[in-house]
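Chain lettering (A, B and C) follows the sequence in which the chains are written, and residue indices restart at 1 in each chain.
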Amino acid sequence: MIKYIFRRIIAIPFILVGLSVIIFSFTLFLTPSERVAVFINSPDAFQYVDVDELIEQYGLDKPFPVQYANWAQGVLRGELGWSTSLRMPVSQVLRQRIPATIELMLLGQIVIIVSTVFLGTLAAKKHNQWVDNVIRFGVTISSSVPNFVIGLFLLIIFYVGLGWFAPGRLGVSAMDAVYSEGYTIYTGMHLVDSILNWRLDVFKDALSHIILPTIAYAAGPIAASTRLMRSSMLENMKRGYADTARVIGLREKTVIDRHVRRNALIPTVTFMGLLVPVLLGGSVIIETVFNYPGMGMFIVTAAKGLDFAAIIGASLAVCLIIMIANLAVDLLYGVLNPRLRQD
Amino acid sequence: MASTTNLLEIKDLSIKFTTESGWLTAVDHLNLDIKKGEKLGLVGESGSGKSVTAMTIMGLLGKRRDIAIQGQIMLEGEDLLRMKQDKIEKIRGRKMSMIFQDPVESLNPVFRIGNLVAEAFMVQEKTDKKIAWERAIEQLNKVRIRDPKATARQFPHELSGGMCQRVMIALALVANPPLLIADEPTTDLDVTIQAQILALLKKLHQDLGTSVILITHDLGVVCQFCDRIAVMLNGRIVELATADSLFTNPSHPYTRGLLNSIPVLGKKGRLEPMPSIHNQEARGENICRFVHRCAISTDRCCSAAPGLREVLPNHYVACFSH
Amino acid sequence: MKIIKKLIRQPLSLMGLLIILFWITIAVFAPLIAPPGENQDPYMMIRHSYSTVPTAPSEGIPFGTTEGGYDIFYGIVWGSRTAMIVGLTVVTLASLLGVLIGGIGAYAGGTVDYVTMRVVDLFMSIPFLIAVIVMTVVLGKGLDKIILALVVFSWPDYARVIRSEVLLVKKQEYVLASRLMGGSHLRVFLTHTLPNSIHPMIVLVSVNFGKIILIVAAMSFIGIGTEPGYADWGQILNFARNWISGIPGEPFKYWYTYLYPSLAIFSFVLGWTFLGDSIRDIMDG
């Protein structure tokens, strides 16, 4: 097990280097003067200095490896360039936006896992009965509705029609509470922080804002993973160990809930790992639809404003999040599957 | 050893499956009793219906639309086929249990051995976790696992096939059920391990008085183990006799064929291969099960199915030549 | 041919086929269904006005106009062409590229295979949508740039499938025999590997077709895609975003601005999902 984790951790720097090379090579499509923003970290440099001078200063006319090395050094110091669209250092934007996206993603993953386990088990228990057919049909339909269409219609129904939930991340009064004195920001995730500060009003407000994006975010993945969970459950119900559990006197419910489900979860967890990039990609859409200020919306704003430093920085952050999430999934996988734990 | 009261009575059992080409009769009007404390062998080639019968007794085929089951299976006077699902679930493990062919596949790969056995104790004896774990280790000791404490902490994939089968036996016998069905329990194991597992089953049978139905395709295995043997072919019993009688007076041509294909030490002459199932299998209502492969078949064998008749005391054969 | 028969027999896949057929018909006959004006690029939506406020469906404008006076009906009809063209181009190019890279890697084996697979892993660990957005932004707006970006980031899927097929086929005896008889790698690849891997490829292509259209629509929807006015479902939906809240007292006043493009995207993707799922079920079972 230790060896297994160690191998995963060892691989991380290599993957990071590979990804950052891919990401940085995008800047080759840009002119040196466009590329400058990726290297600059304060606005003063923009205003008083000649661009040509900057190009020379940052070595932007040098070969690619040299430029990459310069840039990578800055990245390691936490310097990701100047965001021209938001007028602040990219690293500072990311510090605000990453927790927002992670909050959405974590909540989304929780909703996905819980619904998948529930729906997948239910469909398998009621195999070929009407419940199963309803779930299967619903799964096919919801995997075909684009998340932005879901998001749009959720807004139309619950915001425009019923007026229950609003877009954005926090209401005005909750926002005041968050930035008031005596409210400590621990994680940047409002749902967590409000509990830690014991401000249930903020919690309620944050929850009412995050509910719709979470549903829009999770609908597609729930469909895909429920389908996987269902077939994995059905397959495992036919396995020899399930019959063993039956013949020694366990009730069918116990056989499914304890024995079959533990095994059926293994491929589902692998799938959850593959979902992380999909979810982060989805955050671009969902955050834009719901006006939720996270990484996804930042990327869109930056892309529209041709804010290259922001795009490069945000992509790098996204990749880092994915790798950490993958590591977490690998560990979970090791816990679930004892065969992996051996060395 | 065996008493005279019947523990299990299979009456007129028929099992049919739907296939793409219509209904397939897997078991055809089967009648079979097993007495308390008896060791019964159920011998036949694959497709003879022996495993399907076992699965039906255990209720593992469930209520599926593509399977039709008729007849009665009486266990201690109660009909298993007309029992509600939750009643069957209560009886399993307590009154009857089963072990399977592939021992590694039969143990849940994500549970430690000890937890698997302890869970059975928690269900059957309603004990708490700690006591159940201790009982589990005792139980592993009973099936002669050398270091039960260490084994209890291992996962199935860390054990050999023979060890897994011992664990499986331990699991099946947690509640000392009067009936144990062993479906090809030694087929996947090495010959030396086979002998050990059979010896273990024999010992447990002596200690606990469990009735055992041993299902196998291997006559050599049943002759070591069983009191009485039923030979099955294409869903029907063609010969039923005590082990001694069957080996000294094999009366059905199929049984004789089976015995002639086993090498015997000291006996000279060629082994006679059994004719294999070439064309269609004989599964109709009015046809002998062995007719296509039989050397002594007559026209009569194609127009009527021979019933079981007692040719010697307690020795029944389904063949017109007797 | 057996597959097609089976597809027609199942209600879901039949529905999928019919939906796709419907959109193909619309795309092919677009000039007849919604004739473009003279001297006008047919892929640019007809504008009835420059008004920012949408107008309700009326005579000659069956689906109404959206923000900017664009004709929604015209956009949806010609948008089907855009979807078909983008889908076909991307799927064809990406599968060719994937087959080439994956095939070469698997045949060469050893280090070449290892390196290609690590590259595939790298590409697959970047969120597809974000990667495509970044690349499109860097390259500049326009449909051709989006197509390029989509191809660059969707070939690894195909490479992976082809690789596993090649590895499978490579070990088979008839392939060895064919190699021993002097068949070249290329010949073995064309006559043995490709025909054998065609089934998983079909599944992947049918699933990916819908996915690609989704991504294009999503990009246009968030405003990083085709140029303004281009006949593209995502863009029509983007125009509708400011109007979903209607006006006080009449929250659903501008329903036509979002309902029609949503239905178009939904049905198109649904068609491909039904088809892809059914093909997969048939191949698996």
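Throughout what follows, a residue touches a chain if its C-beta (ideal position, glycine included) is under 8 Å from a C-beta of that chain, and two chains touch if they have at least 3 such contacts.
The model shown is predicted, which means the values in this text are computed figures rather than measured ones.
Trainee: Write out the two chains that share the greatest number of C-beta pairs in contact.
Mentor: A-C
Trainee: If you average the Cα atoms per chain, which one ends up farthest from chain A?
Mentor: It is B whose centre lies farthest from that of chain A.
Trainee: Round to the nearest whole Å and give the separation of the Cα centres of chain A and chain B.
Mentor: Their C-alpha centroids are separated by 54 Å.
Trainee: Between chain A and chain C, what distance separates the C-alpha centroids? Give it in angstrom.
Mentor: 24
Trainee: What is the distance, in whole Å, between the centres of chain B and chain C, each centre taken as the mean of its C-alpha atoms?
Mentor: Centre-to-centre distance between chain B and chain C: 56 Å.
Trainee: Can you list the chain B residues touching chain A in their complex?
Mentor: Of all residues in chain B, those touching chain A are 58, 60, 85-86, 89-94, 96-98, 100, 102, 105-111, 119-120, 123-124, 155, 157-158, 168, 171-172, 174-175.
Trainee: For a test of understanding, state which residues of chain A touch chain B in their complex under the given definition.
Mentor: It is residues 239-241, 243-252, 254, 258-259, 262-263, 266, 336-339, 342 of chain A that touch chain B.
Trainee: Which of the residues in chain A come into contact with chain C in the complex?
Mentor: By the definition above, chain A touches chain C via 15, 18-19, 22-23, 26-27, 29-30, 140-141, 143-149, 152-153, 155-156, 159-161, 277-278, 280-282, 284-285, 288-289, 299-300, 303-304, 306, 308, 311-312, 315, 318-319, 322-323, 326.
Trainee: Across the complex, what residues on chain C touch chain A?
Mentor: For chain C paired with chain A, touching residues are 12, 118, 122-131, 133-139, 210, 214, 217-218, 221-224, 237, 240-241, 244-246, 251-252, 258, 262, 265-266, 269-270, 273-274, 277.
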